[in-house]
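You will see chain A twice below: alongside chain B first, and alongside chain C after that.
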Partner chain A sequence: MSRRIYVNGAVWLLLLTAALWLPLIGGYMALASRVLVYALAAMGLNLLLGFTGCMSFGEAAYFGLGGYGTGLFLTHLTHSTVLAVVAGTIVGGLAAFLFGPLVMRRRGIYFAMITVAIGQIFYFIAERWNSFTGGEDGLAGFSRQPLHLGFATVPLDAVAFYYFVLFFFAIGAGVIALLLHSPLGHTFIAIRENRRRAQFLGIHVERYVWASFAIAGVIAGLAGALNALQNNFISPINLYWVESGNLVIMAVLGGMRSFWGPLVGAIIFVGIQDYVSSYFPNNWETFIGGLFIVAVIFFPNGILGIVRWRMKAA
Partner chain B sequence: MELLLFDGFNGLIQGAFYALMALGLSLIISLNSVINFAHGGFMVVGAYLAYTLAPYIGFWGALLAGPILAGFIGIIVERTLVRHMYGRPDPIYSLLLTFGFALIIEDVVRTIWGAQGVPFEIPAALGSPVSTTYFFLTGYRLFVIAAIAVATIALFAFLRLSRFGIRIRAGILDLETVSTLGVNVYLLRSVNFAIGTLLAGFAGVLAAGILQLAPTMGDDVIMATFVAVVVGGIGSLLGSVLGGLLIGLAAGVTTAYYPAASDVVIYIIMAVVLIVRPRGLLGQEGLFE
Partner chain C sequence: MSLLRLTNISRVFGKLVALQNVELEMEEGRLYAVIGPNGAGKTTLFNLISGFFPATSGEIWFDGRQINRVPAADRVALGLVRTFQITEVFPELSVFENVRIGVEAEARCSTRPWPGGALIRQINERVEELLETTGLGAQAGRIVSELAHGDQRVVEVTMALSRRPKLLLLDEPTAGMGQEETAHMVRLIRDLHVRQQQSILFIEHDMDLVFGIADRITVLNYGKVLATGTPRDVAADPLVQAAYLGEAAA
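What follows is the complex of A and B.
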């Protein structure tokens, strides 16, 4: 128990002080924001993948929808960055909530396939509906606006935006943590461990899968909203199934049984993408693919999985 | 009417092509229990190898060599990587492993042959239209359909008539029993994986004559192939053929009426199938759940 407090304290301390130590090891704040954005999306996905045991392969749909929600909201309706984030989160969450009943009955590979199908439908809508979404070229022409805090106006430069993202990341991570310690979270884990037994115990498994799917969608929408603001741009690629696969990679690479696993996975994934592509501009995929194969074969429980295993052995 | 015929025929070709891909994927899913995300990658590899070899051994030689090399690479991958996945009941690991491998294939192909698409030359004899009224009936398109039909029939004959093929079918039903009866199931799975990737390579070479070759061409095809397998029913080879033809035709007919929806229609079909009849057209219930 106390170990958990130390680990959590260390993680938050590192995240809060990133602006101080990150430049020392050659990083930059936009990179840190990107890590947090993807970590948040992967943590949301992991609620479904690692804790409820449902193989979602279409999480990019809600990630991208959150982005489009935010982008369109900023373009047409408001200049408030915070309201735009809320709008994107609602769009992503609402879509997941509405499509939940379609996916909640499916299991295993069928669950993966129906989530892919829904994701691809959104992808092609975003790609083809030129007048509304900007089509294949993506949606540009919006930008994150300065924050009005009442006593001061803060322009969202790289450092300020990192803390803006961190604020929402903390909310998202806090919600997931609370959830996992609540009866609802325990029910999710029960479904993962033995779906049939959970059913015998009188749990409405499908309803809980729906809940997990919708909550993951809310988190993905939030992350997608932040992603759109990070780039001031959103493209159909963010909805494509490959993006969903990347989120799954992050969760599994870091460790899908661990709370912080997706964060570790996102650090590695985004870090490799950034670091390797500055030396081998076109070949970072080989590195990530190779690392991923090694991970799946030798440590299927992810990087945090090895750490935990070693701690148990010691 | 002319337009509908044109798009319908295009859809049929595309469907035949999906059917061939789905057949290989279905074999691998059924016997190896591996959700092979790299299947599109093997298709791309087969096509590019054929493209490189064609100037030396001609179109017909490349049409044979490309798929055989893809099958050979399939055996290597199965022996080195995929075999680690056999003991794991959760299909997610095989899916993720092959996903990682697909990333590598795409990257390597881009590095060797470039990110730009390259055209693939087909023999002049096959390139000309067969009739003037139906201008879209080039000899090559008819040849593609015939070649896919021959390959499909040959595969089914192999699975029905040869001892090895019968063992593969038996293994799909119950691998443990087949193993107990003294059949080398390791060899069985390796060869089966190779047949699957060989079919993917064959599809790639055939497609190369119609489309341009591009490193990313596997990304869209692999998803459509999964759609074909799911619509036809996981575990059913005949179902995969039907599923492929069905979604190809549906995409073609949609192009005639509402082109913007031609890509999305196959996913709508899959979603409807998964909701109404989750096991697909001819699949068994409960596989891979």
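What follows is the complex of A and C.
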């Protein structure tokens, strides 16, 4: 119990002070924002993957839709960055909510396949609908606007934007944490552990899978909205199944049974992507792939799985 | 009025007739056993009653309602809760957490994302009360997959009790247990029956155990009811003797 408080305190302290220490170890704030964006999406996915036991391979759909929602909202409707984030979150969450009934009855590989299929539908729509989404060139022409806080106007430069992302990351992570310690979260975990037992305790498993899917979609939408603002750009690539796979890799690499696992996975993934791709621009993915294979074979519970195992042994 | 009534129940899998025209009636507060050799259709019968799959024909009545088309999860809410022949628990969770899932479902709060403190206290108290009832209090914090087989089965029974069943269905509660574990489970079943007037329908393989505790027994063989009655009547039935001891004894 108390160890958890220390771990959480340390994580939040490191995230809050990133602007102070990150440049000292050769990082930069835009990289940190990217890590948080992907960590948030992977944590949302992990609610489904690690805590409800549903193999979703289409989370990029809601991540990308969140991005398009935000981008289109800023292009056509508003100059409020915060409202655009809210809009993107709603678009991503609503899509997951509406498609939930299609996926909730499927299990295992069938669940994975149908989530991929739905994701690909959105990918092709975004790629073909030139007039609305910008087609395969992506949607540009919007940019994050300064924040009006009443007493001051804050331009969202790299540092300010990092804290802007951290604010929403904290909301998303907080919601997930509360959920996991509630009856609803207990029920998700029960479904992961044993569907049949859950069903014969009177739990309507499918409805809960739907709920978990929708909540994961909301979180992915929020992360996608922040991603669009990070790049001032959104393209169909963010909806593509490879992006879904990246989120799964982050969750598995970091440890899908751990709350912070996806954050650790995102740090490793985005870090390798950034560092290795400056030396090997065309095959940085080989490194990720290799690491992923090693992790799945030797540390099936991810990096945090090893940490926990060693602490238990000690 | 009977608590459970099966009328003319049959179940066919392809060409296999697993159950044929089975009749069964059980009053409230009884301890009722279904016995029969391997493949007699005992578990199929449980699967029909609990809603695992539907009957091919016939009617299932529970507590005054025809429940043929009621989904499994809803039958639990009506008061029909089962355990499985091969233990079904939440293996990576603690004993406490296992039972809490059922208590939360019973309190109809499984959908609550942020419960109040009073509700949490109420739930935890109920979990502890249940663990005391079945003698698992000392093991509350242990991970279920690390428990002995017999204790895991007791966890499953405790989870079933968490839904306050009107009828508790136990599928071979002592399967795979040693002598001591079996004695513990038998004591638990008898206690629930005697002290709490819990209605229990159970499947059992072990004849001695059944004859020792059941009020009434139904014997199944090849998917048909061979005999129904008190342990004494059933033991004396020549058809039952034949089925269990072989044709030569008949």
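The rule is short, and it goes like this: the second predicted complex is superposed on the first by the 314 of 314 C-alpha atoms of A that agree within 3 Å, B and C clash if a C-alpha of one lies under 4 Å from a C-alpha of the other, contacts with A are read in each partner's own complex, and residues count from 1 in each chain.
Going forward, a contact is a pair of C-beta atoms (placed from the backbone, for glycine too) under 8 Å apart; a residue touches a chain by one contact, two chains touch by 3 or more.
Since this is a predicted model, take the numbers as computed values, not measurements.
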| item | value |
| --- | --- |
| Combined model on chain A where chain B meets chain C, clash or fit | fit |
| Touched partner set for A:F292, first chain B, second chain C, both or neither | first |
| Touching partner for A:N282 - first (chain B), second (chain C), both, neither | first |
| Partner chain(s) touched by A:L178 [first = chain B, second = chain C, both, neither] | second |
| Which of chain B and chain C A:L48 touches, first, second, both or neither | neither |
| Chain B versus chain C as contact partner of A:L263, first or second or both or neither | neither |
| Following superposition on chain A: angle at chain A, chain B versus chain C, Cα, nearest 10° | 80 |
| Contact breadth on chain A, by residue count: chain C or chain B | B |
| Superposition-derived minimum Cα distance between chain C and chain B (Å) | 14 |
| Complex contacts: residues of chain C adjacent to chain A | 50, 71-74, 76-77, 81-82, 84, 88-93, 97, 100-102, 104-107, 109-115, 123, 156, 159-160, 162-163 |
| Complex contact set, residues of chain A against chain B | 55, 102, 105-110, 112-114, 116-118, 120-121, 124-125, 127-128, 241-242, 245, 248-249, 252, 282-283, 285-286, 288-293, 296-297, 300 |
| Footprint of chain C on chain A - complex, ascending | 178-179, 182-187, 189-190, 193-194, 196-205, 208, 211 |
| Of all residues in chain B, those that touch chain A in their complex | 35, 37, 81, 84-85, 88, 91-93, 95-97, 99-104, 106-108, 110-111, 115, 219, 223, 226-227, 230, 234, 260-261, 263-264, 267-268, 270-271, 274-275, 278, 288-289 |
